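Both of the next two complexes hold chain A, though its partner changes from chain B to chain C.
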Partner chain A sequence: MQKKIEPFLYLAPALLVFILIFGYPLARLAVMSLQRPSQGQQTFVGLTNYKSIFSDSVFLTAVKNNAMLLICVPIMVVIALILAVFLFERIRGWQFYRTTLFLPYLLPITVVGLVFSYIFQLSGVLNEFLALIGLERLGLDWLGSPRYALYTLMFVVIWKEVGFGVVLFLARLMSVEEELFDAAKIDGANWWQLQWYITVPQLATVIEFFTVVSVITMLSWVFNYVYVMTAGGPGNSTMVTELYIYLTGFRYNQMNIASAVAVLLLLVTGVLIFLELRLRERSELMQVVG
Partner chain B sequence: MNRRDLFLRWIGVIIRQGSVFLATLLSLFPVYFMTVSAFKTRAEYIADKWGPPNSLYWANFTTAVAGEKFFIRFANSAILTVGSVAVSLIVACLAAYAFARMEFPGKRTLFNLILSLMVVPPVVMVVPLFVSMVRWGLVNSYTGTTLIYIGLLLPFSIYMMTNFFRTIPWEIIEAARIDGCSSFGVLWRIMMPLSAPALITLIVVNALWVWNELLIALVFMQKDELKTLMVGIAALRSRNYVDIPATMAGLLIATIPILVVYMFGQRYFIRGLTGGAVK
Partner chain C sequence: MRQKLQPLLHLALLVMLFAGCAAPAAQQTSAPAPAETSPAAEKVKLVVWWWGEQEAPGAQKWMDETIAKYQEANPNVTIEAVLQSTDTLIPAFQAAAAAKEGPDIQYFWGGVWTLESVWSGALIPLDDLIPAEERAHYINNFERAFDGKQYGIGWYLSGNPFVYNPKLFEQAGLSTTDLPDTWDELKAACTKLNEAGIIPIAGGLKDGWFGGWLFSIVGRQPHDSEKAFMEASVGKSKFTDPQFAEWWSRMKELIDAGCWNKDINSLDYQQGQDLFVQGKAAMIFGNDTFLKGWADVIGWDQIGVMPVPKYSSGKLADTYVVTAQGWGITSWSKYPKQAADFLMFMHTPERLNAWFQYTGVFPADDRLDTSLITIPQLKQIFEWDTTRPGPNLENFIPSMLDEQSNFAGAQLLFAGEKTPEELAQMAEEVIAKWREQNPDAVKNFELWLK
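Our next item is the complex of A and B:
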């Protein structure tokens, strides 16, 4: 009997935290998204909240911008892949480079975002540099113009997140057996063939992992960048779903609308994770609890 | 090797070194820019944004620390970080011990459920958590916010410790049990000491996460005297007067703990953050 209870004694604190921090709030979230306050009482209104967000142009802009951010993902994969391969070829100082390339990933987005907003100011260091090399015509109000602000933001996101990919790919490459590369070289494979037939297939699972993680990042972990650098502006041109939830919930006090958006975001993330887990199970990359 | 091959080889070296060097330059530039600006006077900053400062102007640091209730913010961040990292570590180790070394019904399902919590975006939780915390009277308190951080840290911590505990050979545990060690004794005297590298990794990664976190701190620590360093920094953006060098000095102070930890514990960072994917 004691044997049967024992595991749950060890699990109890964790389960208690999960119920308080995930279980109960998630249930509340689902209920709130179906309610609206009327005369100080929450009343059930079905899918009204969901319908109303889809007629809100700000929400639609936010979704469109999140979709735009997804463009970062293939760019990040390619850059990380190139850098990881170069480092793997043990170019001079590769360990130093690995350290520095990973650094942006660890810095607080809040700090980095603020520094970048000074760099990208109209009178900032970037435009001064462009003027210095005679390209002052390229000088833009990088974060202040509705046309370019989102692209500037994308640059910063890539700048910060790409180091994770480099380190991830490099770690995987180092665990590939050297013979595989040697054999291909003996068979006379040139550099491109080596990458295409050995490196990329060997990295397939981590590339897939990094892609999924990055997609989730673009859809639901960019709040800090936007909040610090543009606050959604100018004129909602950098509004994203997360900021929309934050603003409707905490600035405009429409918790029910915010809940509906949160439920949708959770569903999208959930589907992605489900697909990733299925892929992983298939590839047997993850062999945790047997 | 003929001349053409030699030439191609040199081109290859130049392309490799060149692109990696450029990427490194880009990676480091904001930190460089922040550091040199922190030591310039305002006039100097306006005149020359690129170069190193003429002389080290330390007054920026005094200004940064004097304004914005810097020390209180720093302390608040430290309290939340230490509290949530310590408690989540203990709770995670207890749970991981059950997952790694015991059999019970529903183990796999429960474990996968916890894994899936790893990617629930905090922004999804923020609205219902706020409503719940209001009800429990825990908004604007260290307890409430620490509890939320513990919850958000636990899934990854449990995952990582379970993986590590599973690598500890059964024979060691069996031997300890035969010598009369209790089940908790095995965890405390055998598993934990043997897991020191994993524990350090986890502490470093989790501490970094809490230190850098903005959204939860923004929503749940609204009172001025409770605000964290990152919330204070984020508020600087909307300031009308801007003393950029002093701001940079403040940012540098906020970043230094991370830089120091990274310099000493680099391998723990890399292991911790890639450990989930590369096996």
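Our next item is the complex of A and C:
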């Protein structure tokens, strides 16, 4: 019995700190999401705040936009995979490309957002360039039109985030045994078959990791892009849940509503991380069994 | 694993930020017990969180000098002034208010921006700290009055003239003595300016703020008082009523008349204003706090000011939009009396005159030496400030309405995505949502309305 308790005693100080730092704020957040101010007191209102946000068209737009941003994930995976393979095969100038491809990931999002804001203005660099080469008709109000702003934002997110995937995939490819590729080549596999039957399976766990991290990014880590480039506009067309939380809490002074959205966002992200952990466990188990 | 969990940790931190920053429920705010007179030797430290250099360049120099002079006169007092950015001004104070730690003196925009902190118990009334005869000199006190008490004071005035470039007017064949008075005349001027290849009116809506300005400057005309908007906010009338909806149609008329820069939705507020300073646009709905700075770049000869052309005949149509940016003393300050003394020091005639000389902006105090105002355009502004002041309507509506209706609506109108009728309906839906989500705030608005 004593032996069973002993490890927990050793863990207790760290657990206590963990609970104080993480547990208390999370519990308080959950409680706040169930309250509203009334006559000078916080009053328990059950799920009223949750019902309220689900009937708020701006919140629903934010959720829809987060869902739209998920489209970036497969695009990023495919682009990162292709680029990693090219770099792995050491195409001419691969060292230069390796650096430049990762560079966007190192740049602060604020800087990236500001630069692209100028590029994508109606009278910005991109449209001026299109006019210069006679393609003026292709010039759009990239950030000023509710129809295009979200897609423009998605482009910038992909541009910035894909470098991380390239580095992850490349690192894994470097550790794949050369013999696998050599054996396949001897068996007559062409380039596509090499990628499909060797590269992709070997990268499976890394792809899975990058996918989950990217999904989480699209759901809860795009605030800076939106805040700098569009502030959620035009007309809420690029509103995302993080910005909704910020505006509701700090601009509209509605901390209880903001708490309810934060709880939902945390739950969704938490579920995704849990799924990723389970997937990882399963694949590790299969490797051991295999 | 660490990397994998990093996003969750970040999210958890964000979540905790909200939990930690959560404002407590509105607390009973009462006048503080009169502070004990501090012994002369007692060390007092006052912390001031402020904003203003952004719209009144030169404010930093004035603030540094004011603090130095005050500390010299009061050796036991140390003042630490922290200039906030536009984005951190409100969140930082809300976090401070939740923790009941932070500045002794906080900068506030007028109206609801101040009163929300009153309602949450973060500010104390100043009636017992600043004598009535002193407060009588301050301009626009009404913006910070609630339930019979004064919860803050003004610092400087920020108004919205319609600014034009006389040289560009002449270039387009427009008179600089017979300026557009009506909406139709304004549209006709737009046509002439377009024919001359000049952008008639410049603006930038990307960051939203300018949408709120347009609401305040243009939307006011059919109304007699800001109370009309407060009444509509609490549900006594509707934002779909013709007098509230009309400004959207009038804005659409200006768009159809080609009055605006085409890239208005992809420029932020400052970039829109810069088009005027760059000599590309003939008119802007400007801010008088920027006039001196613009004149330093393009010269006073390229700056003219005029009232906003009229389309309606409400009493507010003849007023000049002006608000007093100001101060409040926090409920957790250990030295409210000393804080009030410092605020009064800011309003001494020598400091008022220095403020105007450094910034070209008018202090919110009638004791300014008016002989210092030598620029005709500024004389005109001061005359409007003192003879026909009118409220900045953004200060009298919930910020949610401003952001989700005015900011977003203006962007959708200019993008051609919504009609004026749809935007009026959108405003009504937003305010209905605000009422449903904020029953306590509605009661405060009703009390404020009285």
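Assume the second predicted complex is superposed on the first by the 263 of 290 C-alpha atoms of A that agree within 3 Å, B and C clash if a C-alpha of one lies under 4 Å from a C-alpha of the other, contacts with A are read in each partner's own complex, and residues count from 1 in each chain.
Keep this in mind: a residue touches a chain if its C-beta (ideal position, glycine included) is under 8 Å from a C-beta of that chain, and two chains touch if they have at least 3 such contacts.
These numbers come from a predicted model, not from an experiment.
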item	value
Chain B versus chain C as contact partner of A:P234, first or second or both or neither	second
First, second, both or neither for A:Q39, with chain B first and chain C second	second
Partner chain(s) touched by A:P25 [first = chain B, second = chain C, both, neither]	both
Touching partner for A:P201 - first (chain B), second (chain C), both, neither	neither
Partner chain in contact with A:L265 - chain B first, chain C second, else both or neither	both
Partner chain in contact with A:I273 - chain B first, chain C second, else both or neither	both
First (chain B), second (chain C), both or neither touched by A:F250	both
Superposed model, chain A: greater residue contact from chain B or chain C	B
Touching partner for A:F209 - first (chain B), second (chain C), both, neither	both
Partner chain(s) touched by A:P108 [first = chain B, second = chain C, both, neither]	first
Common ground on chain A, meaning residues reached by chain C in one complex and by chain B in the other	21-22, 25-26, 28-29, 32, 117, 124, 209, 216, 220-221, 231, 242, 245, 249-250, 255, 258-259, 262-263, 265-266, 269-270, 273, 277
Of chain A, residues touching chain C in the complex	21-22, 25-26, 28-29, 32, 36-42, 52, 55-58, 117, 120-124, 141-146, 209, 212-213, 216-217, 220-221, 230-231, 233-236, 242, 245, 247, 249-259, 262-263, 265-266, 269-270, 273, 276-277
Complex contact set, residues of chain B against chain A	12-13, 16-17, 19-20, 23-24, 26-31, 33-34, 37, 49-50, 90-92, 94-95, 97-100, 102-104, 107-108, 110-112, 114-117, 119-121, 123-132, 147-148, 150-152, 154, 158-159, 162-163, 166, 183, 208, 211-212, 214-215, 218-219, 230, 233-234, 236-238, 244, 247-248, 251, 254-255, 258, 262, 266, 269-270, 273-274, 277-279
Chain A residues touching chain B - in the complex, by the definition given at the top	4, 6-8, 10-11, 13-15, 17-18, 20-22, 24-26, 28-29, 32, 79, 82-83, 86-87, 89, 91-92, 94, 97-112, 114-119, 124-125, 128-129, 159, 163-164, 167-168, 171-172, 175, 191, 205-206, 209-210, 216, 220-221, 223-224, 227-229, 231, 241-242, 245-246, 249-250, 255, 258-259, 262-263, 265-266, 269-270, 273, 277, 285-289
Residues of chain C touching chain A in the complex	3-5, 7-8, 10-12, 14-16, 18-28, 90-91, 94, 116, 120, 205-208, 262-267, 398-400, 403-404, 407-409, 411-412, 414-415, 417-418, 429, 433-434, 436-441
